[in-house]
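The structures considered in this document are given below.
Across the two complexes that follow, chain A remains constant while its partner is chain B and subsequently chain C.
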Partner chain A sequence: MSMSIPGTASTAQGLSRTGQAPVTVLRFAQRIWRFSRPLMFPAAIVLVWSAASAYGWVSPKILPSPVTIAETFWDMLAGGDISANLGISLIRVAKGFVVGGSLGLALGVAMGFSRTVEIWIGPLFRTVSQVPSLVWIPLLMQLFGIDEMLKLVIMVKACLIPIAITSSEGIRNIPGQYLEVAQVLALSRRSRIVNIILPGALPSIFNGLRQGLSHVWVSLVIVEMMVSAEGIGYLMSWGRLIFQLDVVIVCMILVGVIGFSLDFGLQRLEARCLRWRGTGAS
Partner chain B sequence: MSLSVPASWTARVSAYSNVMAGWLSATPDSASGSSPRAALRPPSEPTATSGRGALQLRRVNKRYEVDGKSLDVLQGIDLVVEPGEFICLVGASGCGKSTILRLIVGLDSDHDGEILLDDRPIGPPGLERGIVFQEHRLMPWLTVEQNIALSLEATGRSAAERARLVREHVDLVGLTGFERAFPRQLSGGMAQRVAIARGLVSQPKILLLDEPLGALDSLTRLYLQQELLRIWSRERITMVMVTHDVEEAAFLSDRIVVLSPRPGRVRRIIPVDLPHPRDRGDPRFIAIRQAALGELSR
Partner chain C sequence: MTARTVWSERWRGAVLPAGILVLWSVATYDGWVRDDVLITPWRTLAPLGDAAIRGDLIDGIVASAVRFTEGALLGITLGLILGVVLGLSHRTDRAVGPSFHAIRQIAIFAWVPLLTAWFGNGDFGKVVFIALGAFYPVVMGTYEGICSVPPHLREIGQLYCFGPWRLLRRIILPAAVPSIVGALQLALIFSWLATIGAEYLMGGASPGIGTFVMGAREMLRTDIVLLGVTVIAAWGFLLNSLLRAGSRRVLRWRDAAS
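Right after this comes the complex of A and B.
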């Protein structure tokens, strides 16, 4: 970190003797630098891409220039295409995550605490989790049609399984040493669950929730591309249909950025809930 | 539950606890860590605490089944521990020292013979028996005070009472100021002190210590040996400690119980009739240490 700006620390120290203001400015610069580092690589790609378009290395029909993309983005934003479709997609994600997440947690807790439940449905779960959500679409279309129900079922399936599996493993993998402490302290069942098992399983549960949310988002975009008349995935497949690659690329970027933001939100929540793990863990 | 208790009761209880607190803080031992406690109160002499924490093991056998073969771990263990006595169990690894503690605390209930605490057979784990393990086993997600308070969950005490006890015991192990710290923020020695506080806060009759200082560096170890003595002399409860360090046993205990390995048997019990604080250079101390070492290497 300090390697990237050689001598920053010593400069800051030198200035701190003369006054506070320059130090604050330097700190601010350091902050900006820290936040901008992850953007450097994408920026370089955009730069090369711009050059490629400007010098005509690739045809704009194959790869539109970044400027075109930005203009398309602006048009779509101003025209309300993005907000309307994105709004619909995000509402669907919220529904899918809430339903699938709660079902997944309930199942995971059941599988974690009861060996019987685990024996009966654990292997089935692990098998189903290997079948991509996409593969389920044709079958589920027969059962649920092509309306909201189909999307909900796919999303629920997409997040229920990782959440159930990771949370049940989190519960089952509580070190025996901690359970012995619970025994020695004569803790009631309730106290053992509240004070030892659930907090101990929380890192795994968060892991499952993050995986689940990302699966929900990805599978929704796919369903929307295949069977939908609205939503960000639909927008993307529509762009492809009318050969507007700029629309497709705008949608791709949006899908990526939103997926990242959703995960980032959960990550922040995780760091807050798991403060006991320290800063290194998040 | 607390609603059904008459007000006069609560007043009486709090008056009693005030008296207790006053009595505790008035003990001469509480201030300094190095008072010649054993000289004041030899273990065999009846005291205010007699009847609290008398432990007896009678013909205790313990067997494990390994691959269909039965393996004797403990054979005919006979041991009488006086109330308020500090006993160290020493022996080679694999001699079943820790198994004895696990039997006493109730983590392992499958044995022959009798284990009596104050003349009553021990039952499943309960708060009248505390234990400190070699690893501190603090819950990483609980703060120091929450970890200690976990010991009071199963007691019917009021929240205020619990808070007071936790505060007292944080103070007892010298960790005031660290109440809100998480275990990862503590050194090994500090974490072990929290574990000791957790073992003591429920005011057990007996505290079992399973190599509690075994994983610590030697300086911390020496320091915590003195701390243990200070705590013991203040709390006046029975302590049974497993260690593989003969010098530690000679420094701390009233009697050293030397165990022989496979199957574990009591080979010899060596009394340590030296006043505290003990001088490790004292010829009598060295003689006792050598005697124990001699028994171990026989």
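Right after this comes the complex of A and C.
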């Protein structure tokens, strides 16, 4: 952060002539101010929100107070509601992501390497990929019932497509010089794939994996809200059904936090796997 | 590549869908799968023969299109306003930006239960939800577009002593147009998806193409479900190609200039 507040910066400069100590104090105050500024707005909202429920401007049924939400969160955590439902959802996500991810990678690699596969499968794949998973849900409910199979199919479909698209593009768009290097070095086919093509395609594969994982999470929450007897999405729609909006809000926050953490985890993994890029010639 | 190879490639691309269609026809015709699970492809259009179903379908399409338009307009307007404010005022950006990004982490579909509690599951609740779907991409795109306006363009405005309003209208917004157009494209796609999602998830009595499909599913009418999903998918394809053509047209000046 190199930005500074015009007013305080000039004051700091003015003071620096008179002595050293006030400057450090001011710097410190500036740093605290910079750090806390993003928190001001949410703090103000929470304040107004608390006041609104304390003075009864809105019914606590419609907008539970922040304190109620925190208490509900604690109760749900201690009572095991959160761990049980979140656990089920996360296991589902893991299954969907592993199955869909490996199918997507296999398809993407095949389409990226082989022009024949691309010619035969590509057009159908691109047409199907234009229709989002959500649209298919009623039809898939007819085909697969409303049990685990339905969730798996939807999650697999949701992550297969971005992963297949990005990995095939990543393989196809390897810079020509890299392939020339491989030719000059007379690398074997195996070594060319392992040492040149896969590392070269890794950034776009990771891009697809991240998109895929976030699609898996969102589509699972949707399906759980529609048809499920357990899971975080179910917990949310159950909270709505009995008009416990504190439960609903706690679940919404959890959906956001989990979605963010899943993406963050993959981002860290990507940074680890692609560390060579920072030091390499590119 | 000769025209002949292009054609033969196209034919090969059509083999797989055709094969699936044949397999599907045989499977349903020979009774490998139950009738209420999957029907023969050519019976997809059969429900159109029934005047009542045809009427429901058309009513649904019209209601959804109206809802889509209202929600998209509302979301785009609010999104443009917030995007411009965040892009122009660094103070507001630093105060509100982090909260905006934190809230954006919540998938929009997770808002459905809360929105139905606040606004009901009728038309209004659905329109608010669709607006939310359109809102995020517009804020992001407008904000990024304005932040990436080259400083020398702003300086030209200052040179001509433009007031803030003229600077915004004559320099900043035109320079941000490519990014805003991209955002509007995304916003309309999201609105379409949110329209369908709202109708699937919220239910309610108000008509809509999604409600039509879900109603048919409850009555185990797979033929109507298939017809409805086909209509929804066709709507998506149409919207996609219209948007692509539209954005090419709007951005023609940029390509011509460069």
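The working rule: the second predicted complex is superposed on the first by the 220 of 282 C-alpha atoms of A that agree within 3 Å, B and C clash if a C-alpha of one lies under 4 Å from a C-alpha of the other, contacts with A are read in each partner's own complex, and residues count from 1 in each chain.
Just so it is clear, contacts are C-beta pairs under 8 Å (C-beta built on N, C-alpha and C of every residue); 3 or more make two chains touch, one makes a residue touch a chain.
A quick note: this is a predicted structure, and the numbers were derived from the prediction, not measured.
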Room on chain A for both chain B and chain C (clash or fit): fit
Contacts of A:I242 with chain B and chain C, given as first, second, both or neither: neither
First, second, both or neither for A:G200, with chain B first and chain C second: first
Which of chain B and chain C A:A229 touches, first, second, both or neither: neither
More chain A residues in contact - chain B or chain C: C
Partner chain(s) touched by A:Q130 [first = chain B, second = chain C, both, neither]: second
Chain B versus chain C as contact partner of A:W120, first or second or both or neither: second
Minimum Cα separation, chain C to chain B, after superposition on A (Å): 12
Overlap of the chain B and chain C footprints on chain A, listed as residue numbers: none
Of chain C, residues touching chain A in the complex: 9-10, 12-17, 20, 36-38, 90, 94-99, 102-103, 105-107, 109-114, 116-118, 193, 196-197, 200-201, 213-214, 216-217, 220, 222, 225-226, 228-229, 232-233, 236-237, 240
In the complex with chain C, residue positions of chain A that touch it: 3, 37-38, 40-42, 45, 62, 119-124, 127, 130-132, 134-139, 141-143, 217-218, 221-222, 225-226, 233, 236-237, 239-240, 243, 245, 248-249, 251-253, 255-257, 259-260
List of chain B residues in touch with chain A within their complex: 105-107, 124-127, 129-131, 133, 135, 137, 139-142, 150-151, 153-154, 182-185, 198, 202
Of all residues in chain A, those that touch chain B in their complex: 177-178, 180-181, 183-188, 191, 195-196, 199-200, 202, 274-278
